[in-house]
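Heads up, the next two complexes both have chain A, just with different partners, chain B and then chain C.
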Partner chain A sequence: MKKPSHLLGLGFMLPALIVVVLFFLLPVFMTAGIAFTNMSTDTGITGGAYELTPNTIHNLRTQGVDNNLLAQLETDVYRIDEPGLAALATDMGDKLAKELGDTHGGVTFQSRRELERAIKKLKNKPRSTRKLKKAAAFFKRSILNQRFETESEFVSATRNLGLDLAPEHQEVLSKASYTGWTWTTENFSLMTKLPSTLRIAGNTVIYVFFTLTFNVSFGLFLAITTFYLPGKAAATFRTIWFLPRILPPVIYVLMWKWLTWDTGFISTFFGQFGVPAKNWMLDTNFHAWVVIILINGFVGASMGMILFSSAIRAIPAPMLYASEVDGATRWQQVRYIILPQLRWPILFITSYQTLSLLTSFEYIFLATDGGPGKATEVWALSAFHQALANYGGNLQYGYGAALALVLVIIGIIASVGYLRVFNFKELVARPRIEQ
Partner chain B sequence: MRILLDSFTKTFGDVTVIKDMNLDIKSGEMLALLGPSGCGKSTTLFAICGIHGMDGGRLLFGDKDVTSLPSQKRNVGVVFQNYALYPHMNVWENIAFPLKIQKRSKAVIEKEVQAMAELVQIEELLDRKPVQLSGGQQQRVALARALVRKPDILLLDEPLANLDAKLRLEMRSEIRRIQQQTGITAVLVTHDQVEAMSMCDRIAIMNGGKIVQLSAPEEMYRNPSSDFVAGFLGNPPIAFLEGVIKDSHCHLHGGETRVALNGHAQKVSDGQKIKLGIRPEFFRPEFDLKVKGKISFIEAHGRENLYDVVLDNGDILRSIQNHDAQYQLGQEVTWGICQDNILAFDGEGERL
Partner chain C sequence: MTRSLPKLRIAAAAAAVALSLGAGSAAAKDVNIKVWAGGTNEADSYRMENIEIAAEILERELALQGKDIDIKVEGKRDFGKWKEFKQAVQLAAESGDAPNIVVTSHLDIAPWSKAGLIVPVEDYVDMDAWPINSIYPNLMEIASYNGVTFGLPQDAESRPFFFWKDTLKKIGYSDAQIEALPEKVENKEYKLTDVLADAKKAVDMGLVEKGYGFYPRPSNGPDYAQFYQSFGGKMLDKDTGKLILDKKSMTEFYQFFIDAVEAGVTRKNHLGTDWGQWYSEVATGKAALWHGGTWHYARYTAKEGLDDFFGKVQFSLIPAGDEDGRPNTITQPLVYLVTKQNSEEDMEIAAELVKIASSPRLNTLHAIKSAHLGISPEQGNIALYANDRWASEATERLLVHANAQPNHTAFGQFNQIMFKGLETAWTGTKSAEDAVAEVEEEMKAALGNMLIVR
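Let's turn to the complex of A and B:
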């Protein structure tokens, strides 16, 4: 009997497990992995090839690689080898090819003129200059802008140039010319160096702090005021304040935009009093922040309102009666009886919303997209921009993932901390408000 | 302080729960509002303390009309059924709360709380939270909190309902002691007739939103105004026999037995249906109006035994006797009714 019941339990758990694995563990592990790569649109997400481009040479030069070596890599050389001779033979006849092979086979010329001079001296030399140039072209050997699928092909190609590279130089060259992604910790060192990191961290603190304050205090205000209203009016107000949450975010934010556009409601309204029209959302950084906090705040406050309302209604009515006959005014009742008993719901909402605000960016993305400038660019939005909506067009998967990983780590640490504070076992054991 | 309810009316929505009720409570008196659940006794109490507004009538404390005064300003102390202590405050803070609200000085609060703690004998519990207290201790704290600001009136809403039997007994005398010691006017709401009878100076028995009878416990027991009152007071309860009047006697239904109606007979005419109430202590072997029956049930109470006796016509009489009487279940007995103590009621249940 024991085994089937165990399986039953597993069966019930399975959907949850699948969801946790697919939508939590997998993304977290992938984020953690990608954070330690330099993946981007450039590198692609599959493997790469070896290709030396003028750009690579330029980069190597700025890194202080030997200039002579680089010059050699850049210039074309002419090498009399079998593939060249074969091509020459099919185009201009065996005789010329054979003679050139016999006289100069294996020789490398540093410029085209040298090779042309050598060909001119041959018996079977081409008659016209045009043909001469064409013949020489068959032996042009360059490594620039050529793709090699493997490193060994690339290395042998450099050898073919007649370059004699030291192993360490060869390694630098291979690394620089690799077009795929590689493992690296550079994302994190870059993060500590970039001034924008500090900016988005500061923005995140502003965003979380003010939105949270608004959420909790406005949620409390709504819960307490609707508690004292008669039933139907209270239900109506709660429904109205719940609308932002049940509205699709895009429509909700669109309505805010409509409200704040320079041809929108606010501008039109104030236009009546001679105030020049402006975009009330993006006019200044301050405007943007106020709108962002209100947009997020009204959504968050509804959740606080619901939770606080039910917590207040869980307070036994005689306790409120008692405080009234004890002489407490409404305000004193709120201050001394209701608020102290909402301690746990308030703490819960605060911690829960801190976490969700840290990682949320959808309303900012829809409203200001981090603007004006980068004034409202928060950490999560920045991660999104870097990885998935980069303005430059080169999506920095690696760097974006690194940014996201920081959030994941902060979130996990905070969650563990909150569970400690709440003494989770006690919290799920018994409602706090009962006597 | 005297409390006067003058044609008090209370409605909830379309339902009139109490209509034109009058009640005069003397200063220093402890009055019980007794009745079955739903009779309006708690509603009356909530109206007196101001938690529910009144839909009609006046309420006077002394000479002062407090009808439209909010509960905060009425200066009443209330003990609720579940005590309604503030769970986030310790005992000291709970008792001090009404004074803290009044912004009294620290020294005064300290002194008053201490005095109250001594009165209700919980000095050693002041640091505890309500959850750490037993039911009886919570009750004492609730009493202290109700009394600390020296209210004009003390209201008790089923204060003993949540206590176990032994504690109930103890708190019964304890509440009475404190009430008498402070001399405060008190109203006790209860559905337990024993509480009402043992604790209060007078009882107002309520049914269906009306006060059916208002008198001292003893008087109410001996002289109930209706069969409802007679049935509500007394434990074990009174037994009723139905009969018809004939020749100034009551002939019990379907039986031979005739009961003479001393004094009551003048008020009734032949053929009228009436109801006779006989308390268990007035149906015993030694009384003279004999009736025959069969013992159908025996309940041992220790000092006494309670017998149910089924008469020939199927009516049941109850008898309470000393435990040493040896009767068996199913035994045929011929016991007597004490004719002087029969309570007769007319067809509507009014006392004859």
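Let's turn to the complex of A and C:
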């Protein structure tokens, strides 16, 4: 009899479970996986092929592979030999093969273009570009710049060249020619080597600490001041301070730009008093930080304001009346009645905002994009730049994921830490009165 | 009669079926070609329209060979910025739904060819056939990687140095001296030190505001590599295929911008200036000297309302920085690339379309509409191109000297680290030496054995 009710519970939870799996667990596992690869645009996502390029050969030189061998591999050669002529004859007729054999038999061409030129001069030349290319392909006697989808194809093509290739060299060759991604821990060692890692970590600490401080204190300030205002005025002010949160980020940041640019409001206003115009957002690192913290701070403060406001209303009014009868000042009310009762909301907002600030970068991206220099490049923004917005277009998925994974780990540790510090069990314990 | 009626009916039905079948087999074969163009505005619409025109020509050519093929071209250019376009292409290709032709920066050739997203155009077209054999050889080289020609140049451009003539006159230049400037730059008689000196004069005399003496591009772009080259920097070692960090050139290049800020001719927080503001300022003479792109001509003269461009603006190569360096300009042509598809025929048709679209007449339509430069010297024989003063003068003065950034899988990282280093020096966060030291450390770690440090 118990079963159906269990199923019902599960049914209710199912949508939430699906969302958690799809939008939390899956991305985290994928990030964790990709973080241990060298995946980038040039390796592709779905897999690689085998291709020996001049660059690969340069790299093999430094790995002690026989120079003679590499020199042979390095040349793109087209040779008019018997097997080639036979294949050509079967595919395109004896006439062409015979004419080519007669005129160029035994000749080696250094590029396809040279061979094509020779073929085009023949009387029996192929009458379409496709056939011309096909004819030339029968004589290719090198694997340079040729793409093989599988390792076995690549190995057999290498063998067909008739080179004296030791198995260990073949293995080195295959490995170096592989174009796809491989498993590696290099992303993490690279992270420790790059000087910018320390910098973005420092920037993240600055960003989270100051924005959080601003968020919470300004949110509290708004909640308390609007609490003492008459109902309608309070609602109006709260709505105004809620605007940053409900505005689309692009528009919100654009308004900040209008405010701070050389030709913006602040410059124009101070221009009246002879202050030279400057970019108040990007003038110095300090300016950039102040603007970034304010932009994010106002968005975060609105949430604190709403939460704190409702928490203050939950304080039994008689306590405040009683304190007024006792002659308490407003400040004393705040200090001894309101703030102590806001302990849980404040802790909640602090922990929630820390975690969300750690991973948020959209307002910085829109405002300074990490500039000037790398002054406001935070960890999450750096991961975004590496993985999705690299100027040259060769996106570093692996390294970006490794950076993101670090954030995930820090986030999990911080969550566990907060749960312990706030004594979460006590928070969700059954009220004693019901026991 | 009544008996034969059903027979007739059957015969008629059979005939109808046969006819419709026959009609079916004779119907044209449909080939859909999707063209995606990055960084493309209305002015650049010929990037896609030329493929449409090419499709019409190819259809007629094929018809004469007895092949009835109906080519439908579907163009798309609304991708937001470059990075959204590049993401879109990569993701579409990875999921097996790549457009047939992409118009993109030549810098994408290296990573995309390694990833197998694109195929060499030389596998499908005769490289000795016209119009390919008439394209500037330096542009063809830019469309190649590992010695293989992957794409065809779609347009050319170049990044000149600009002078506001009126300001030059006021700081003491005669008309003749202004006319001779491009040549002096080319002969290394006018160098970046002269740029600073002239810019300072213009600021000191109050002709332009402080910070507007020398007014560079406000964001990252190939333009900054030009200043590295001005001080003798090279980006690629052709023998080994590795990228080069020349510390001396890089330091001098950073120092030049630090000096410009200290002299008060360039703003410390210049990078990040809104492009709209920047265009309007340089097109109205608010800046004395600046550098930009040849395609800016269209913006200056149309949207920004600069009339008499040639009367008001002089242009030249980017001056040399010192004796080791050279006056130079970088071209970053966009290229037509053919993507990997399952059907060989589709790739062949795409390559053929790209070839036809590269003919001088079609390319001239694009060059003139978008104020880009041509891809072939033959365009000088086309009246539309030859009579366009900007196109012909810029081709002559700049394009013949232009080089490009190297096609290399790690060049994106190289460029990004170089620009971030410049930003830290420019904004005064670090000295030129310290910024280069950090750049060296970052490049060594990120590029590993793909880098040579000098």
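Note that in this section the second predicted complex is superposed on the first by the 346 of 435 C-alpha atoms of A that agree within 3 Å, B and C clash if a C-alpha of one lies under 4 Å from a C-alpha of the other, contacts with A are read in each partner's own complex, and residues count from 1 in each chain.
Assume a contact is a pair of C-beta atoms (placed from the backbone, for glycine too) under 8 Å apart; a residue touches a chain by one contact, two chains touch by 3 or more.
Please read all numbers here as calculations on a predicted model, not as lab measurements.
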Exercise. Scan A:276 for contacts with chain B and chain C and give back first, second, both or neither.
Key: second
Quiz item: After superposition on the shared chain, which partner residues are touched by A:347: those of chain B (first), chain C (second), both, or neither?
Solution: neither
Exercise. Give one of first, second, both or neither to describe whether A:393 is in contact with chain B, with chain C, with both, or with none.
Key: second
Exercise. Classify the contacts of A:336 with the two partner chains as first (chain B alone), second (chain C alone), both, or neither.
Key: first
Self-check item: chain B or chain C, by number of chain A residues touched
Solution: C
Quiz item: Touch check for A:303: first (chain B), second (chain C), both, or neither?
Solution: neither
Quiz item: Can you list the residues on chain B that touch chain A in the complex?
Solution: 46, 49-51, 70-74, 76-78, 80-82, 84-89, 97-98, 100-102, 130-131, 145, 149
Exercise. Flag every residue of chain A that touches chain C in the complex, lowest number first.
Key: 40-46, 48-49, 51, 53-55, 58-59, 62, 76, 112-113, 116-117, 120, 129-130, 132-133, 145, 147, 179, 190, 193-196, 257, 261-263, 276, 278-279, 281-285, 368-369, 371-375, 388-396
Quiz item: Which part of chain C faces chain A closely enough to touch in the complex?
Solution: 82-83, 86-87, 90, 94, 105, 107-108, 110-112, 114-117, 122-129, 146-148, 210, 220, 240-242, 267-269, 271-274, 277, 348, 409-416, 419-420, 423-424, 426-430, 438, 441-442, 445-446, 449
Self-check item: chain B-touching residues of chain A, taken from the complex the two chains share
Solution: 316, 318-319, 321-329, 332, 336-337, 340-341, 343, 433-435
